[in-house]
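Structure, as structure tokens:
Think of it as A, B, C and D in the order they're written, each chain with its own count starting at 1.
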Amino acid sequence: MKIKLFYFARLKETLKYSTEDLDVPDDVAKTLTILKLKAFLAKRGDVWGQMLMGKLKIRAAINHALVDDNAPITDGDEVAFFPPVTGG
Amino acid sequence: MKIKLFYFARLKETLKYSTEDLDVPDDVAKTLTILKLKAFLAKRGDVWGQMLMGKLKIRAAINHALVDDNAPITDGDEVAFFPPVTGG
Amino acid sequence: MTVRVQTQDFDVGFEISQLRTAHKDAGAVVSFVGQVRDVNEGDTVSQLTLEHYPGMTEKALEAIINQAASRWNIFDTLIIHRVGTLQPTDQIVLVAVSSAHRGDAFKACEFIMDYLKTEAPFWKKEVTPTGERWIEAKQTDDDARERWTK
Amino acid sequence: MTVRVQTQDFDVGFEISQLRTAHKDAGAVVSFVGQVRDVNEGDTVSQLTLEHYPGMTEKALEAIINQAASRWNIFDTLIIHRVGTLQPTDQIVLVAVSSAHRGDAFKACEFIMDYLKTEAPFWKKEVTPTGERWIEAKQTDDDARERWTK
């Protein structure tokens, strides 16, 4: 399963990634959700765990629509992680 | 007792008065209120009665402040009668 | 606080900009612009004439602003209201309110409009194909004002 | 419906005038203008940078407008939101709504702002005397949005 990831604001700065193409291993791809993807990415190391599974409130979007932790991710999806929004 | 009267909008048009200086007779001047003044003016004839004591909703102001029928009028007051307002 | 009753038109962009930049700690300016509609109660309107009570009008508008300022945390308020004869799509009124945060400006601006509609001494007469007629006050405007007293 | 996300400034007077005169039966235009405040949480702010999620931002704003249009009787809506680096008193956002009667435009405009603040993917970073910092989302903004779900 291939997905495209985006990170914004504080996440982008801390993770030092704005976007990446991710090839999700088959065992993770099965019934993949936002929460499962966050847990998978958190394994990359300290700052990833802190940002995605720590105290920081993180919001997610799939294909440009806000979703919650249980939202399912399918092949080809564009997934974004970011802090609560502060525009206006 | 001398007061100054103003009429606006439909009242002005129908009564054909925009303003007048009124010398209120002593018996009317005693404990004069908006309602009492309207009744006094209504005696001038048909159109006055229709406009001031008829079915038309009339609002009043004393010295530029909206008041109700029981508001007391004193010597030198500026009194205005007009339909409900429709600005904005 | 600024209140202007005038026959001439006004520049909404200029007025909002003045109000906005006068307070560098203001985050919000909420404004209402009223225009002459080309239709009212199903009839075409070709002209609108606004009459007012000089002397009382300004006092009534200032009293409404003072009430709003006592209820919400606002920086500044501007009301411009035109009088005289206007055409469809002409601007009638501008109410603009600045505040630190948007909630106060939204509430104060709507409050001012609801009270202006029911307490400021303006009267509208319109020209339709069947002639001139005074616009009647609407119960919905009284209801809108009453909401604020609850 | 018009949604624009841009770095350049905008002319509030022109935009409101366009929206207003596009509907000759519109009696009301309610608008919100947000500006960069020179102070936030007690600290002087010298600069504000707005980041957004290109592609999602426009869709999110259009979805918010569609929600507003399904709840109230409105004619047209405009949202302009700036991104990039701004200074105190710079304009950030304009939301303008036209309607026949004022109540609908007031509610729709405030609804759009409350949802924009909590659902449109913009993030602010400000410069204060102690350095740069990301602005934290406020509980009061979530509360403001929740009012509309009751």
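Following the convention adopted for this analysis, contacts are C-beta pairs under 8 Å (C-beta built on N, C-alpha and C of every residue); 3 or more make two chains touch, one makes a residue touch a chain.
Please read all numbers here as calculations on a predicted model, not as lab measurements.
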item	value
Per Cα centroids, the chain farthest from subunit C	A
Centre distance in Å when subunit A and subunit B are each reduced to the mean of their C-alpha atoms	73
Mean-CA-position distance for subunit D and subunit B (Å)	48
Subunit A and subunit D, separation of their C-alpha mean positions in angstrom	27
Set of subunit B residues in contact with two or more other chains	88
Multi-partner residues of subunit D (at least 2 other chains)	34, 102, 113
Interchain pairs in contact, sorted by label	A-D, B-C, C-D
Residues of subunit A touching subunit D in the complex	6, 8-10, 57, 61, 64-66, 80, 82-88
Contact footprint of subunit B on subunit C as seen in their complex	34, 50-53, 55-56, 59-60, 81, 92-93, 113, 116-125, 134-137
Subunit C contact footprint on subunit D (complex, rising order)	11-14, 16-17, 20-21, 24-35, 37-39, 88-89, 91, 100-103, 105-106, 109-110, 113, 140, 144
